[in-house]
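As written, the chain order gives the labels A, B, C and D, with residue 1 at the start of each chain.
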Amino acid sequence: MPMLPNPTTHRLEAFSDGVIAIAITLLVLEIGIPDVGAGDLGEALVDQWPSYAAFVLSFVVIGIMWVSHHSMFERIASVDRRLLFLNLSLLLGIAFLPFPTALLAEYVREGGHNSHLAAAIYSATMALIGVAFFMMWRHLYHRPQLLVQGIDCQMARGAMHRSLVGPIVYTLTIGLAFISAVACFVVYGLIALYFAAGPSSRVATPETEGVGASDVDDTGTTKEA
Amino acid sequence: MPMLPNPTTHRLEAFSDGVIAIAITLLVLEIGIPDVGAGDLGEALVDQWPSYAAFVLSFVVIGIMWVSHHSMFERIASVDRRLLFLNLSLLLGIAFLPFPTALLAEYVREGGHNSHLAAAIYSATMALIGVAFFMMWRHLYHRPQLLVQGIDCQMARGAMHRSLVGPIVYTLTIGLAFISAVACFVVYGLIALYFAAGPSSRVATPETEGVGASDVDDTGTTKEA
Amino acid sequence: MPMLPNPTTHRLEAFSDGVIAIAITLLVLEIGIPDVGAGDLGEALVDQWPSYAAFVLSFVVIGIMWVSHHSMFERIASVDRRLLFLNLSLLLGIAFLPFPTALLAEYVREGGHNSHLAAAIYSATMALIGVAFFMMWRHLYHRPQLLVQGIDCQMARGAMHRSLVGPIVYTLTIGLAFISAVACFVVYGLIALYFAAGPSSRVATPETEGVGASDVDDTGTTKEA
Amino acid sequence: MPMLPNPTTHRLEAFSDGVIAIAITLLVLEIGIPDVGAGDLGEALVDQWPSYAAFVLSFVVIGIMWVSHHSMFERIASVDRRLLFLNLSLLLGIAFLPFPTALLAEYVREGGHNSHLAAAIYSATMALIGVAFFMMWRHLYHRPQLLVQGIDCQMARGAMHRSLVGPIVYTLTIGLAFISAVACFVVYGLIALYFAAGPSSRVATPETEGVGASDVDDTGTTKEA
């Protein structure tokens, strides 16, 4: 029987879920209410399309991160100090995302250097978040005793390698950012679709790789977390 | 004995609860503090009645959504990738609601095209949220293996059909919006009352349809999540 | 053995805890950062003392409400639709509190009619929240089957009567508000101290009235909620 | 077998986790989006470096507080009224932190009296939060019956003494604040590193001092909190 996650692991996941849920919901505060006076509201609303697009993009991106984070924690039995602080770095990146999201929404339309810079900052933030995921998997690979029983370090190794895709792709978009912020925005959307709609090898969802706590219930005796 | 929800299902519900709780509480940030200087605060406060009305409306609406969402998840035993992303779409709609709420509050009083547009956007957001609920029930109807043991697909079918009421009614209010935003606002309130005070067939509450996890406790052996 | 709370009751409490935790933490957003340019920051900060006082007051008030709410739910075994919507009304009041808090902070110093009105609105909001608590206890008194086994309706009756203190006292402060907003502010603080520091008959804390789920653990076999 | 935390203890910790998660995530709202028009966004972003630095600092500081708080609650079996209100004071301090963080970010660069004052307020807030931690440990030392079985009051005494480091060091930085706000900022970072990277005697992490609920799982029978 796989070891059950201990209270600390559970609380860390619950705390992380809280931060992720708040960050994803705060995104809406960055969409301003246009003050058009006697002007045309429709025009003003259409004019701020980058705000809606950036909202949807970052919402989906954070949603996918939640899935990945939850999927990782399903495989973790206990947490050491290093993993704790790596996880804190990851949360720092996610909690920071509303800022580059608002920056991108504000400047993507303008073109020119300012739009390039805004897109590059979004790319860099995403790349750094990806690095934090990679570092966490790498630590788990080197400390397999932290994993749920029945998960071997080969699984962690595979996850570690797959988690390099994000940082590499987002780092490449930093280059693209200095050509066109709008093109970069489109590529962000494609990357999100790739992770969301792709095969399970890209995002480990419980459905397809549920070797962790998911199958504990089948014993009919364990209670859920 | 009904299968207990597995950790993934539970965490997804907890995450959704978090997003819904945050969205419902952020609504208050959209009510501005009037700066009247030496003027009359009372007048200024009365003047922003649409802000209070929109706050109460969206609070009740999101509250009802929470009940519906919780009621659905009481019947779900496991979650597949599609359900995960349908649920993310639903949360996207709910997390977005503070925006159309503030838009409605700002423009409903003005009359004219801008007020019509603001109401139509509120209606459309609500209709889309309703579509997400419908899609989730439809998926559960086609994948009854995701349901808690003892819930058959007929139940999911009924819920799927009932979940069409919301999107249909809210889509009709898009038409009304272009006649009168204030009338539309009143109709929103009536729809909310209908869902809140109506018979249990409209909103499935645990009290009246508690065939899911609610009755697990009676065994006296299971512990709750 | 007292019946364990069922999942619905638990989720409703968790959802309520979420709304209360968010409302209490959002209060800080209402304290503005003074922009003094070359002026004296110290003076500007002292000048906004009502913001700090209102922050601390509403923080303590919401904290006490959390204790009362948690204490009530420790005694609830199952939730019916009416209790669900009464609880939603209570949450609506708590989630609204940042608004009258900011209003009070903005206008209490000014004196005159505007300050009276701001204090009266704070009083009225608090009174209405108290009414929601009363209505919930009243419902539990009339539906003792919703209570945890071992809690009789006399306990609910006592709690119902005690829960009248809040609404009555806060309604009286509406009168005081029209004499002096500052005096009213001081009285709010005293009321909060009364509830926080008073005997357990005033606020039912788990320590002194823990007849609910608190003592379940002693059996050594049950797991916690 | 160590006593399991009872529901009240658990809910208090969950509520505290919620407040801490929200406070840590709200920090990002204090970073403004520069409005540079046709100007240089890069310059404007570099110019607001104190906002990023203060964001990272307070994020790490609150993260460490979460670890300390969680570590304390792992050792608490039951909560009395006094501990409840001491914990509320602690949360008040943490929920207030976004304000001194934004103040520091706004004024640290300016130099002169205003910057000194902003740093002193940050120091004082941190010192007071430290005092709340100390008061909680002191109460636990005097009421060892509140501790998890197997934890003796010597452990609480050690934790109480260690918890004096924070308030003492932060009080000393109040003096430094009136010499240089930037120097103070650097020292805050060093203190955070000391607590984060230091030996386990400084911050009690589950890994190294897990005598509480952490080792409950080894019995293979208990479920997690």
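Odds and ends about this structure:
By definition in this document, a contact is a pair of C-beta atoms (placed from the backbone, for glycine too) under 8 Å apart; a residue touches a chain by one contact, two chains touch by 3 or more.
Treat the numbers as computed from the prediction; the structure is a model and nothing was measured.
Common neighbours of chain A and chain C under the contact definition above: B, D. In the contact between chain C and chain D, the residue numbers used by both copies make up under half of all numbers at that interface.
Look at where the CA atoms of chain A average out and do the same for chain B: the two points lie 25 Å apart. Chain B and chain D, compared by their mean Cα positions, are separated by 36 Å. For chain D, residues that reach two or more other chains under the stated contact definition are 14, 18, 22, 26, 29, 223, 225. Chain contact topology: the protein chains form a single closed ring, every chain touching exactly two others.
Pairs of chains that satisfy the touch definition comprise A-B, A-D, B-C, C-D. Partner chain B is touched in their complex by these residues of chain A: 13-14, 17-18, 20-22, 24-29, 31, 33, 35-36, 40-42, 45, 55-56, 59-60, 63, 66-67, 70, 74, 196, 200, 205-208, 210, 213-214, 216-217, 220, 223-225.
Contact residues of chain A toward chain D in the complex are 1, 3-8, 10-11, 14-15, 18-19, 22-23, 26, 29-30, 78-81, 84-85, 88, 91-92, 95-96, 98-99, 102-103, 106-107, 113-114, 117-118, 121, 222-223, 225.
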